[in-house]
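Questions regarding the structure given below will be posed in turn.
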Amino acid sequence: MNPKPKLLKRVNFHPSKKGLSSETPIYTGIHSDVATTIEVLTYDEHSCSIKTISLDEFKEWKPLDTYQYWVNVTGINNAENIKTICEKYNIHILYQEDILNIYQRPKIDEEFDYIFCAFKELRWLDASYTIEEEQYSLVLMKNTVLTFQEAGGDAFDQVREKLKTNNSYYRGKGVDYLFYRFLDITIDNYFDILEKLGQRLESIEDDITLRVRNEHQTDIQDSKKDIMQIRKNIVPVREIINKLLTMENPFITDKTKKYFKDVHDHILQAIETTDNYREINVSLKDLYISAQSHEMNKVIKVLTIISTFFIPLTFLVGVYGMNFKYMPELEMPYGYYAVWVVMFLIVIFLSIWFKRKGWF
Amino acid sequence: MNPKPKLLKRVNFHPSKKGLSSETPIYTGIHSDVATTIEVLTYDEHSCSIKTISLDEFKEWKPLDTYQYWVNVTGINNAENIKTICEKYNIHILYQEDILNIYQRPKIDEEFDYIFCAFKELRWLDASYTIEEEQYSLVLMKNTVLTFQEAGGDAFDQVREKLKTNNSYYRGKGVDYLFYRFLDITIDNYFDILEKLGQRLESIEDDITLRVRNEHQTDIQDSKKDIMQIRKNIVPVREIINKLLTMENPFITDKTKKYFKDVHDHILQAIETTDNYREINVSLKDLYISAQSHEMNKVIKVLTIISTFFIPLTFLVGVYGMNFKYMPELEMPYGYYAVWVVMFLIVIFLSIWFKRKGWF
Amino acid sequence: MNPKPKLLKRVNFHPSKKGLSSETPIYTGIHSDVATTIEVLTYDEHSCSIKTISLDEFKEWKPLDTYQYWVNVTGINNAENIKTICEKYNIHILYQEDILNIYQRPKIDEEFDYIFCAFKELRWLDASYTIEEEQYSLVLMKNTVLTFQEAGGDAFDQVREKLKTNNSYYRGKGVDYLFYRFLDITIDNYFDILEKLGQRLESIEDDITLRVRNEHQTDIQDSKKDIMQIRKNIVPVREIINKLLTMENPFITDKTKKYFKDVHDHILQAIETTDNYREINVSLKDLYISAQSHEMNKVIKVLTIISTFFIPLTFLVGVYGMNFKYMPELEMPYGYYAVWVVMFLIVIFLSIWFKRKGWF
Amino acid sequence: MNPKPKLLKRVNFHPSKKGLSSETPIYTGIHSDVATTIEVLTYDEHSCSIKTISLDEFKEWKPLDTYQYWVNVTGINNAENIKTICEKYNIHILYQEDILNIYQRPKIDEEFDYIFCAFKELRWLDASYTIEEEQYSLVLMKNTVLTFQEAGGDAFDQVREKLKTNNSYYRGKGVDYLFYRFLDITIDNYFDILEKLGQRLESIEDDITLRVRNEHQTDIQDSKKDIMQIRKNIVPVREIINKLLTMENPFITDKTKKYFKDVHDHILQAIETTDNYREINVSLKDLYISAQSHEMNKVIKVLTIISTFFIPLTFLVGVYGMNFKYMPELEMPYGYYAVWVVMFLIVIFLSIWFKRKGWF
Amino acid sequence: MNPKPKLLKRVNFHPSKKGLSSETPIYTGIHSDVATTIEVLTYDEHSCSIKTISLDEFKEWKPLDTYQYWVNVTGINNAENIKTICEKYNIHILYQEDILNIYQRPKIDEEFDYIFCAFKELRWLDASYTIEEEQYSLVLMKNTVLTFQEAGGDAFDQVREKLKTNNSYYRGKGVDYLFYRFLDITIDNYFDILEKLGQRLESIEDDITLRVRNEHQTDIQDSKKDIMQIRKNIVPVREIINKLLTMENPFITDKTKKYFKDVHDHILQAIETTDNYREINVSLKDLYISAQSHEMNKVIKVLTIISTFFIPLTFLVGVYGMNFKYMPELEMPYGYYAVWVVMFLIVIFLSIWFKRKGWF
């Protein structure tokens, strides 16, 4: 759905925000055709209901204290709508800007009455070998988690399914548990990306070993940019989780913190894997260069060998092409055949010499 | 307006300050023709007036407690004038030196009755592919922000426009909010520079892929120096904002601090982008070297192929150029044509061999 | 027993876990055929008894306060069984997942009533030059240490033997001492791996010095991956031991902490050795490249020398192959012999010249 | 005055100290011919007198509390004299050793009744392109600053001149202000060195771009060593100033500390410039290698082009040098001219081909 | 006395310890023939007596409180003896292991009633260009310092000599001063090693500049390993001294701590020198590669020049070797001489062309 972006853009930011006041939020993404829909999931330990409501209904809507709410907003291209929703929850205008700016660095911020968190889901577009990013913004409040997404993502679908299931243990837990699940599923997806990248690195390696081609240079370059793009998106997630673990905050219970410790392990592993891929990528570059120069050496050797065979022979036939009046060999009846024998001996001798040098 | 400086100078400092006591401030920049003008913006929640006053008027001028003041000084080449202005606000002589020395590293310093801050605006001079720097110095005091600039810059113009607008929310906020806006606009401009640099890196990459030329080496070298120049100017800004966030200071309200947190995100992103560009630049160098050696390989291959075709042929014609008395082939009626056939067969054989080697 | 895995996999994670909730533990390893066996070692200062019991017996089994227990579970492919065992000790479901996920990063976690620790044993599979990993999970509780392993490992065998021996000083010490022994033996095994890796690096170096071959590139690449695999597994162990040393915990006595200080020394040394190997590996790559280019230089020199000898000679015989009517040399009776003398002198001259250039 | 030292020595230490007890101070420098002279500058707010006194006079001399004293010792080759001077002020024997050992790392140490500080002045010897070091040792006490130098240095001359000037603001300040001035002038001199180094790097770059020569390798190597020498001397100065800023000490007033903050900025800038030069030096190496290989490529191309032109032509004339009885072309009246035409066409064809390949 | 070990071993650990319990100390060194001798130096401010006593005497021996004791044990190959000696002073079995394991990383540990410290003396074996290590273990107690060494080292001899001297200021100081002297002399010896290494690097540089040879690659490789070996042994010594400086401990007086501050300076300088050598070594590698490729370039140039001279000449003589019936030049009386003139002109032309290209 997303056309393959130019490579450099991928490690970049969006230019269109430049020069605008941070106080005038504007949508910076590409999904400008997705209308804003508000989905409210109301649940307690025993029940869960889902309904999609209009913005006007939402404005009037009053949540109850006895339920937990997950309010999921899809389609963030209309800044006005987002503003209306945010203002209902008294979310500061700077976070409204963060929600709309999909080039936002992943981050978490603690306010008096809510926690704001933004991170990226990464998806591999197989057709174009591109990594697509989708930004998730979450606001965790007492009894409510408010989420924003551009077009509809994997992590949210999975959690919604679970909540709908009767007897799901999701229901018995607070909204902070949902928050944990969003992060956890997203990070698990990172491993999916990393695995595919690993397979690609492996196939490049196999390919180069088989037969080096000039395009491998581009492949390695591309992989490097993919690794940079991934790093850029997952390293800040470690900071997010570190902050979550040290936060003293009523919105995240100690019970859920234990889960974040587990997520912390996963993100560390994802980062280490990325770093390992980076090293492997460097190795591939070395392998490529070495394979290239090996190819070159073979070419040079062929030239050397052919030259070395023919140069003395050509000299020899040149000798007997001279027009001196007195050249006794020319008069000999078997002189011509003798020359062939001599040339044959030269070839034999050179063959043995090259064999011993290991050039064959 | 600024002649393209030598490349090394750009990552350098100004030499003319050497040996001078820090206590004798001297202007080190190039705008020695801009006269000092003092512009006073007086504003409160409901009104805003701007007037340009002379130095003498300024000396006599008494600000009132009920207004906020932005005193903007343009043209800092006259050390005496700057001294007079600074002394009115009891600014230490060392900061006077910092204001005049445009090679000053970006920094912030907290004093008992003011905060001094200096940073650089970066502008891309399209004509000469050079990054121009202009130093901004700010002194934040109770109800007053005092700013110094060499020649007139983008950030100040934007803020002035906003203040002049009726009902601007700028008016209802303190001078610390102005300070935030200066920093924010300047950092947004960094993204502008970075975007242009990114486009240049991208075009170098495309160019090399298309057809490598020796000048690309210089382009890559130049980009590296640009990246170094940018880094040198923006990395200290992160320190400035870190200090701002941890400062316990009456001049910066908690409300404004929230905005600096947002700026902090932006500067982190700018630094990360710069670091990514640095890595991309290294990749470009690799790409360049690899492309060069690929070109070279092609040349060598042509030589090899041509030699390999002609060397045996030349030998063969040499053989029948020999003057032996008894060479039966020479007497044969179709000997000459037979030689051509043999040579043709050799060419065929070599063509097949090279094809299989993949050298064509 | 373990087929040689693809190289990249080795520095990777297991993909099959992707998308699963962390709350649904699943075994991710390859030993899916090892049945779960529970072995209980009951010991105090004077006695030690070992028995293997079934899962049902284990459920009923009640440990006494006067003994120390080591409960060793081999075969973790059945998630249900592991769950039953863990629930007897109230071990959190997240740790159950860690026990089953053999791609778990080595870690330690402190809970109110137990310490959970997971690390890897490394073994060198000589046949395939592969490093096999086996994950150990340990739960240290009051009077009991609970261990999990996939298939049966070296560290556990050694400790069991010691415990069975009469008058072993193991018996007089707490279960934390057993914990120390597991870690200590495992780390000693790391040195075993490192030594073998060192020998391999050394043999690659000797080999390259003797006669460089293209396969050395692959050998160096492989060694690098081995070093990365080792690093990945032992660096987190340093963190484990650091945490152990700073932990304030009733399960680890001060007496045992002294031993962990010793283990800390060993792991530091193992990490330093690994880092040294990494540097040596880089040196080997340099050596390889240098040896390759030296080979190449020799080939080029041979070409140069042969060409340089024959090019003037071939020219000379060409001269006397010309068909001019008036060429006085051709008429001279000893002209032919004079040409040979001249050519001989040219060879002599060039030999001396090359000798002085040091090209022979 | 200083003969150009071997390059490696410059990043080294002095060997003659080896094996000596630290308690037997010995002079390790080269200025063994400079006699010890003691110069006493007595000053208060209104007056300043300078006199040079002998060692014996110095022993008897009693400073008054109402004046500030700067005691400057030039010529430190006589360990006995230095000992006598130091003992008058109860300076520990270890600092006596530091004063004499000019290979001392720059450092600062706080004692109960004095602060000891040692750092290096760097001077560029234009004749030999060498950086000369001179060690300054300072002891800051109540009302007195005691300085030691090998031969007479720039920083001291400047301060002396200022003090001698009537109405100098130096006089009204404490000895800690002198200490600040010594450091400040020395660090300003670092910029002088850095500027010259920068010019040299720039000229190497220009030179390589113009026409690469093998000597550039040595120039780059030398610059690297210069950068290392500078780094070695200025990085510890940052530590000195950091310590000065955090010191709680009666000898350094808060007023002077403000100046050290300024010096801190300068030293940071000097270190950053050095680091930038290091990166530029690496770039130069890359540029050199690239220029070298470009030269090489041009040579190879010439060979290729010449060979490719003549190889087919030489073959052709070889063909008509054959001695077959029946070669119809040889009998044709215009055969000879036809061959020239054919050869001319070959040259035309190859020229066009090469043009299109971009090899001309 | 020590045969030159394999290079990789030098940056390695000893393998024979593997699999042994840390509780079964075993000697891991090579001096298995040095019998254990115990030397007791009894001294106070005025006297010093040295006697060598047997193990049995030592067991019975009772030190007095009024004297200071240095107990020096040479020859540590007999684990039983060492155990007996250590048990007299209640030294923990883990330290006994450290004393015997000469592959121990340098370290310091603080116990309630003693400080244990182990570090290495480095000696340069000139004959084999190898760095020999000898481990020193020290136990510092109240009034007693207990030292262990394998075979007899430099640092101990020097201190013994000083103590024996009448009126030595060693006598008036505590055993912590002896400890300081051991460390200080050992670190001074590091400079000795570094100086020799520096000379070697310098001679490699001179050699390469003069005439690059393939063996230089090995020399540079060896130097790198030497630098790694030195680093491995001296970097932990910095940690030792850092710990010593921050230790709150009755065994080390404040007076002696002042000396350790001095030692700290020295070890920092040693580490910096090592790091500089590491950088220089990298430079040497670059120099080597560059010199190699320069050699290569020269060879290629010779080939090019010779070919470029002879290729057109050979073509020309080929032309007049053709057998066309009608070739007017062949009939000209001075045709042959004219060809020589033409060839001479070609040589002249090419010489000028090459001269201008700078290839001569």
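Letters A, B, C, D and E mark the chains in the order given here, with residues in each chain numbered from 1 onward.
Please note the rule applied: a contact is a pair of C-beta atoms (placed from the backbone, for glycine too) under 8 Å apart; a residue touches a chain by one contact, two chains touch by 3 or more.
If you're wondering where the values come from, they're calculated on a predicted model, not measured in any experiment.
Asks: Provide the labels of all chains in contact with chain C and in contact with chain D.
Replies: Chains touching both chain C and chain D: E.
Asks: Based only on mean CA positions, could you tell me how far chain A sits from chain E in angstrom?
Replies: The separation of the two C-alpha centroids amounts to 44 Å.
Asks: Quick one: chain B and chain D, Cα centre-to-centre, how many Å?
Replies: 27
Asks: List, in ascending order, every residue of chain D touching at least 2 other chains.
Replies: Within chain D, the residues that touch at least two other chains are 293, 300, 303, 307, 314, 318, 321-323, 327.
Asks: Please categorise the chain-chain contact pattern as a line, ring, star, complete graph or other.
Replies: Topology of the interface graph: a ring, with each chain touching two neighbours.
Asks: Please list every chain around the ring, with chain B first and chain D second.
Replies: Starting from chain B with chain D next, the chains run B, D, E, C, A.
Asks: Under the touch definition given earlier, write down the residues of chain A that touch chain B in their complex.
Replies: 6-9, 11-13, 15, 17-23, 92, 94, 97-98, 103-105, 107, 109, 211, 214, 217-218, 221, 224-225, 228, 232, 285, 288-289, 292-293, 295-296, 299-300, 302-303, 306-307, 310, 313-314, 317-318, 320-323, 327, 329-336, 339
Asks: Enumerate the contact residues on chain A facing chain C in the complex.
Replies: It comes out as residues 158, 162, 169, 181, 184-185, 188-189, 191-192, 194-195, 198-199, 201-202, 205, 209, 258-259, 261-262, 265, 268-269, 272-273, 276, 279-280, 283, 286-287, 290-291, 293-294, 297, 300-301, 303-304, 307-308, 311-312, 314-315, 318-319, 321-327, 358-359.
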